[in-house]
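Just below is one structure, and these are the notes that go with it.
Letters A, B, C, D, E and F name the chains as they come in the text, with residue numbers starting at 1 for each one.
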Amino acid sequence: MKEGKTERKLIIDGKRMDGRGFEELRPLKIEVGVLKRADGSCYLELGDNKVIAAVYGPREMHPRHAQDAKMVVIKCRYNMAPFSVDDRKRPGPDRRSVEISKVSREALDPVIMKEYYPKMAIEVYVEVLQSDAGTRTAGINAASVALADAGIPMTDLVSSIAVGKIDGEVVLDLTGVEDNHGEADMPMAMIARTNTITALQMDGHLTKEEFKRGLKLAMGACHQIYELQRAALIGRYSKSEEREERKRE
Amino acid sequence: MGLKIIDDIRKDYVCNLIRGGQRAEGRGFREYREISVDGDTIKRAEGSARVKIGDTEVLVGVKLDVGEPFSDTPDKGVIITNAELVPLASPEFESGPPNENSVQLARVVDRGIRGSEAIDLEKLCIEEGAKVWIVFLDIHILDDDGNLVDAAALGAIASLLNIRIPNERYGLTGENTLPMRETPVAVTMVEVEGNILVDPNFNEENAATSRLTVISNADGSLSGMQKSGSGGLKEEEIVEMVETGIEKAGEIREKYLSPL
Amino acid sequence: MKEGKTERKLIIDGKRMDGRGFEELRPLKIEVGVLKRADGSCYLELGDNKVIAAVYGPREMHPRHAQDAKMVVIKCRYNMAPFSVDDRKRPGPDRRSVEISKVSREALDPVIMKEYYPKMAIEVYVEVLQSDAGTRTAGINAASVALADAGIPMTDLVSSIAVGKIDGEVVLDLTGVEDNHGEADMPMAMIARTNTITALQMDGHLTKEEFKRGLKLAMGACHQIYELQRAALIGRYSKSEEREERKRE
Amino acid sequence: MGLKIIDDIRKDYVCNLIRGGQRAEGRGFREYREISVDGDTIKRAEGSARVKIGDTEVLVGVKLDVGEPFSDTPDKGVIITNAELVPLASPEFESGPPNENSVQLARVVDRGIRGSEAIDLEKLCIEEGAKVWIVFLDIHILDDDGNLVDAAALGAIASLLNIRIPNERYGLTGENTLPMRETPVAVTMVEVEGNILVDPNFNEENAATSRLTVISNADGSLSGMQKSGSGGLKEEEIVEMVETGIEKAGEIREKYLSPL
Amino acid sequence: MKEGKTERKLIIDGKRMDGRGFEELRPLKIEVGVLKRADGSCYLELGDNKVIAAVYGPREMHPRHAQDAKMVVIKCRYNMAPFSVDDRKRPGPDRRSVEISKVSREALDPVIMKEYYPKMAIEVYVEVLQSDAGTRTAGINAASVALADAGIPMTDLVSSIAVGKIDGEVVLDLTGVEDNHGEADMPMAMIARTNTITALQMDGHLTKEEFKRGLKLAMGACHQIYELQRAALIGRYSKSEEREERKRE
Amino acid sequence: MGLKIIDDIRKDYVCNLIRGGQRAEGRGFREYREISVDGDTIKRAEGSARVKIGDTEVLVGVKLDVGEPFSDTPDKGVIITNAELVPLASPEFESGPPNENSVQLARVVDRGIRGSEAIDLEKLCIEEGAKVWIVFLDIHILDDDGNLVDAAALGAIASLLNIRIPNERYGLTGENTLPMRETPVAVTMVEVEGNILVDPNFNEENAATSRLTVISNADGSLSGMQKSGSGGLKEEEIVEMVETGIEKAGEIREKYLSPL
């Protein structure tokens, strides 16, 4: 909803309000395996966004008539904690979260080897604990890592980021203030290794050239994110192995 | 839900045709089915349009009511877009509250109208912070033979172009026409077997794994976009789709919206 | 709800506000087979009412525990488009539409040969696109034709109309204005060939004699409607046959 | 749902009896079961009545509250009628939001009261356009042995005949009795094997395919009617039912409502 | 919710507002077998509380996936009639009734011999017709009797009562006025014969000593209630037997 | 639902350990798992706390908004407590509206805060009868390894101890800290094989048939209690649990709430 915008300078002396350059990501922090009960989990911070993702399954699919005889069914639920936003969010799904749940599921779906588990379900849950624009991309990044942590067979990870337009400039990874006063927001998700785009939405106003520039910018950032996701997973496995070894000693 | 044998057969049929460079109905890959737009068919609505794209049929109605503005935009009218995939329109639709497909449909149409700032919402303010016009845009699907988004978006903008504001009903004075500034048009494409098809029909939608809707304005700029489906797209495919989308939107705007 | 009535003359010089006589139907237009996806369909206008009916089935009945081992289950849903009435109607069923759905189903039920399809369901959907009093009767008429168009085995068609009382007179087929300012409304449905009444409701105030007169008036009108329903179906079949023949040539 | 064998047996039993000119409990075809009406059993309600018709038992309570009128009747009070088929009352009832049976029950009772203009709603206006009395009429079914409509309608009118308006609770002055003008009574009949039976019990309801409720006033005029069930009725059957309904309503009014 | 309390004397000259002593129950009336359709039923008045309980089952458990292969599932629903309270209660479950339904079920559960009916369900329904504080305890007492009336195999009856604190005194069985202006409310349920406590809740403010005193007071009252429950059931059976005998004569 | 074999095995394992005087993790019967309380982790909330008890993890956030008071307490603020058992936190939790477990959790926590009069609600009145602060206390469960109540109650009181009232957001002046008077602490115990265990983990909860939560204040008085589960408890067990609960609450208050 771009109508809220009032005149507010978002870029001063070529720098954004938080000091970032146009093509710079916010700080990204990824922790793997943070929950006991979930089969896989990931806690992720992207700037002031705090999200947690959990994966359950493959397990029995309910209701039965929604089972797929050929492949596993992916369920995905994006949810905001009531205190994660400025005005308290009423608990339960709203139209926005229903749409984001669908977009997130479709972003992750292409990398999951679904034929391995016919009739079963894999459930992906994303909880937004604190939000500052970009929660859906943060959630997709976290969910992708949580799927790997759960040992779900995947062809690759999915990485996600938004680009947008503020003060007439195409920039990477909008904050909440930039999103509220900016001219466009374009979240996307990508399989970094193959440059395959699995999610793309656009909201606001962009020329064709701005769009092309933004898409390239987002693709580049996804490669960075991919490396951070990999590093977090490697850190996790090496720690597990250390523990294993210590046990054996 | 769950792939049924008949779905597989239809899918194979569509894919085979396309591999041979063909589409059902003899259409070209970049060609729309026949479109018709009938304005003002519903007396009880302040504006309405019945849109057919091939056998797909959508009725859009706009009602205006007086209500409170949102607290963060006290000087602006409000648009509320809603889509109902009523079970009359398809054996796949079920009764009940909006599911993810109808929510997405409504939100994509809504986004196009907002992104293009098609309605001058400030002119819908009656009394700042207290009273504004609420524009209820209701999308009623009657027959789903694929590409509901383009039909719904076209119905929405066509309905909005001929609104009479019911000032008299609320004892108000003021302009009686809704202030429109832009005519966003949605063009949806799918990728099947490496080919990009404009305006997919129902069978083509099911055969495709990725769909992209591109919403653009009269000057060729973009005001909304949405990929859906569980497949991936390459950068060059997306760029091609965006260019095609802008081009086809121009043709539709010229042919169906200019007369309104 | 008759309480809204204010003093308003509805009959002037023996004519109603739209120029009709007391026993005259509004113009009735019926189109058969208007939808592609539905198994049977009908678009119907009765004066300013515009309704569309679709039939699906016989097909599998969900949920299974609601199946009937001896006969098909008829489901019926009457729904108003949000823009079909003066004040926007919130989407979804309200108490009025729940009752009308039940009355419509029971109006149609007696003509359907239900034992042909045990354990299955036939679904009837009526959408009101524009309303001006009499939508339930318009819907029953359209649904009856749509059932025939879907090839559902039926013993006969069902025809439906309302009578009412305005300015002390019993008249046929009230408009919205007449209904709002009138004294009684009585919708009914009938199997015309056997004069069997399958739906009857009354709302307002009638003497016993007015009731009897009204019932006879409605029954007569149902015979007229029946002929128009038949004509529309015959038109449809002859067109299909023409098409068939042209193909064969 | 779904006919069970025990239902078939019960149905056969009822039909056989009736074919022999008999009814369970030795009742005549036009005879009601024993009726009792206990007024004012619920302290927390402004009016209430517990009605038994044979083993069928219904508790109706009326609460009054102050609220806004409908915009199209600014000078009139509001009636809101609600029925709950709580699962306590029958193995067939389920928890959850009102289904079509409870909606129909509430609406038929409501229609009888409105159609007869039993309550003088204009006298329930406190301040035109702003404040009126809202009459909540809640029908609580306790035991369903058939013919809920007649029991509920009788409970509704009996409750309404003894309302004390709680003016003091809202700091208002004015009359403390609800202005009643009419006493609509509902009489329900079914057709089984060509016979018309008044006041069907549960088994008779299930054996019948058509049911007709006739609501009539003290002067013999009609204020509501509802056919239900998946069968058809002939004109002469309906006329007979209407005449019988008016007659039986007179008897019930005389015996159970006059004393109130 | 104790916040509503205003300064109001609830005890004058050592007597409560309704004339009762501190350790005195309100009048308790129990009728067994009051409903035809239910398998077991009980109408109960405790002072101004009027409740009715019905039991259905053991019967088939729906939905099937919630069946328990080893024992019967107990379902319990506590519900208030809209007119049972001062401000009309909107129909349908609210958070309070959801909690009370759970507490009531758990209060009754320990006496039911659940292994007798694997895969089945026993349904307990409590309707509050008129309320004056203590409806949950009245409901548990009535439900316990209704279960026995339905012939459900039970090891014993469950009896229930609340104690509370008013004007600084621990007293038995609060009325609505006492509850609204009092300092604490503590409903409990007990198997009287074995002094086993099956429900206990506390709300408000009590010292440890007051709590102990209150618990003993409630336990004593449960023994009284137990005798009244037994008497009602015995009355019921002797009446049935009388009828049986008269038939045989 | 429905006992599964794995549940039986876990239950046997827990019971065997306890019969031998032991608990998993080597804990004593009256010993809590490791507790951590992190205050103010959520910027968007007026107060928040992340509490871990062993592997159980709960995030509580408090938001303040201005609204109307209840009509029977016109001079007091309002507390609204809500708990979400989001399916992320346990394979047993499902999406959907609050079920009986989440309702009970929220109500028990709420009762402890109300019973102890922890918040001076009169100080949250802005304008009598018209405007008061509404305190939304939202409990978000992240990982359920048993004893959610104690974690949620501790998170609730910890969040409340550090609230900044957002007066400026509503153009108000006044104190910026929430007036707290008491620090209720919940201690939950179960009975397994005749032994009382404090702070049950998930497996112990499932092995127990009765659970008792005791909420107490700094002076050792009680402000709430709740038994749950389908088992019975003896008077002496309850008395012992109450005494243990008060004692453990003191330790927790001292260690985790005093620093705040």
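The definition used in the following text is that contacts are C-beta pairs under 8 Å (C-beta built on N, C-alpha and C of every residue); 3 or more make two chains touch, one makes a residue touch a chain.
Note that the structure is predicted; figures quoted are calculated from it, not measured.
Colleague: Chains shared as neighbours by subunit B and subunit C?
Modeller: Touches both subunit B and subunit C: nothing.
Colleague: Compare the CA centroid of subunit B with every other chain's and tell me the farthest one.
Modeller: Here the answer is chain E, farthest from subunit B.
Colleague: If I average the CA coordinates per chain, which chain comes out farthest from subunit C?
Modeller: Of all chains, F has its centre farthest from that of subunit C.
Colleague: Distance from the CA centroid of subunit C to that of subunit F, rounded to the nearest Å?
Modeller: The answer is 57 Å.
Colleague: From the C-alpha centre of subunit D to that of subunit E, how far is it in Å?
Modeller: So the centroids are 31 Å from each other.
Colleague: Counting in whole Å, what is the centre-to-centre distance of subunit A and subunit B, each centre being its mean C-alpha position?
Modeller: Measuring from centre to centre gives 27 Å for this pair.
Colleague: Using mean C-alpha positions as chain centres, tell me how far subunit B is from subunit D in Å, no decimals.
Modeller: 48
Colleague: Mind pulling the residue numbers of subunit C that touch at least two other chains?
Modeller: Correct list: 65.
Colleague: Residues of subunit F touching 2+ other chains?
Modeller: 98, in rising order.
Colleague: Write down the ring's chain sequence, where subunit E leads and subunit F follows directly.
Modeller: Cycle of chains, anchored at subunit E and oriented toward subunit F: E, F, A, B, C, D.
Colleague: In the complex, go through subunit E and note every residue touching subunit F.
Modeller: Per the touch definition, subunit E meets subunit F at residues 1-4, 65-70, 95-96, 98-99, 101-103, 105-106, 109-110, 184, 186, 191, 194-208, 211-212, 215-216, 219.
Colleague: Residues of subunit B touching subunit A in their complex?
Modeller: Touching subunit A from subunit B are residues 1-3, 72-73, 76, 98-100, 103-104, 106-107, 111, 114-117, 121, 212, 220-235, 238-239, 242-243, 246.
Colleague: Tell me, which parts of subunit E touch subunit D in their complex?
Modeller: Counting only subunit E, the residues touching subunit D are 35-38, 48, 50, 52-54, 56, 59, 77, 79, 81-88, 91-93, 123, 125-127, 129-131.
Colleague: Could you please specify the touching residues of subunit F with respect to subunit A in the complex?
Modeller: 41-45, 48, 55, 57, 59, 61-63, 65, 82, 84, 86-91, 95, 97-98, 136, 138, 140, 142-145, 202
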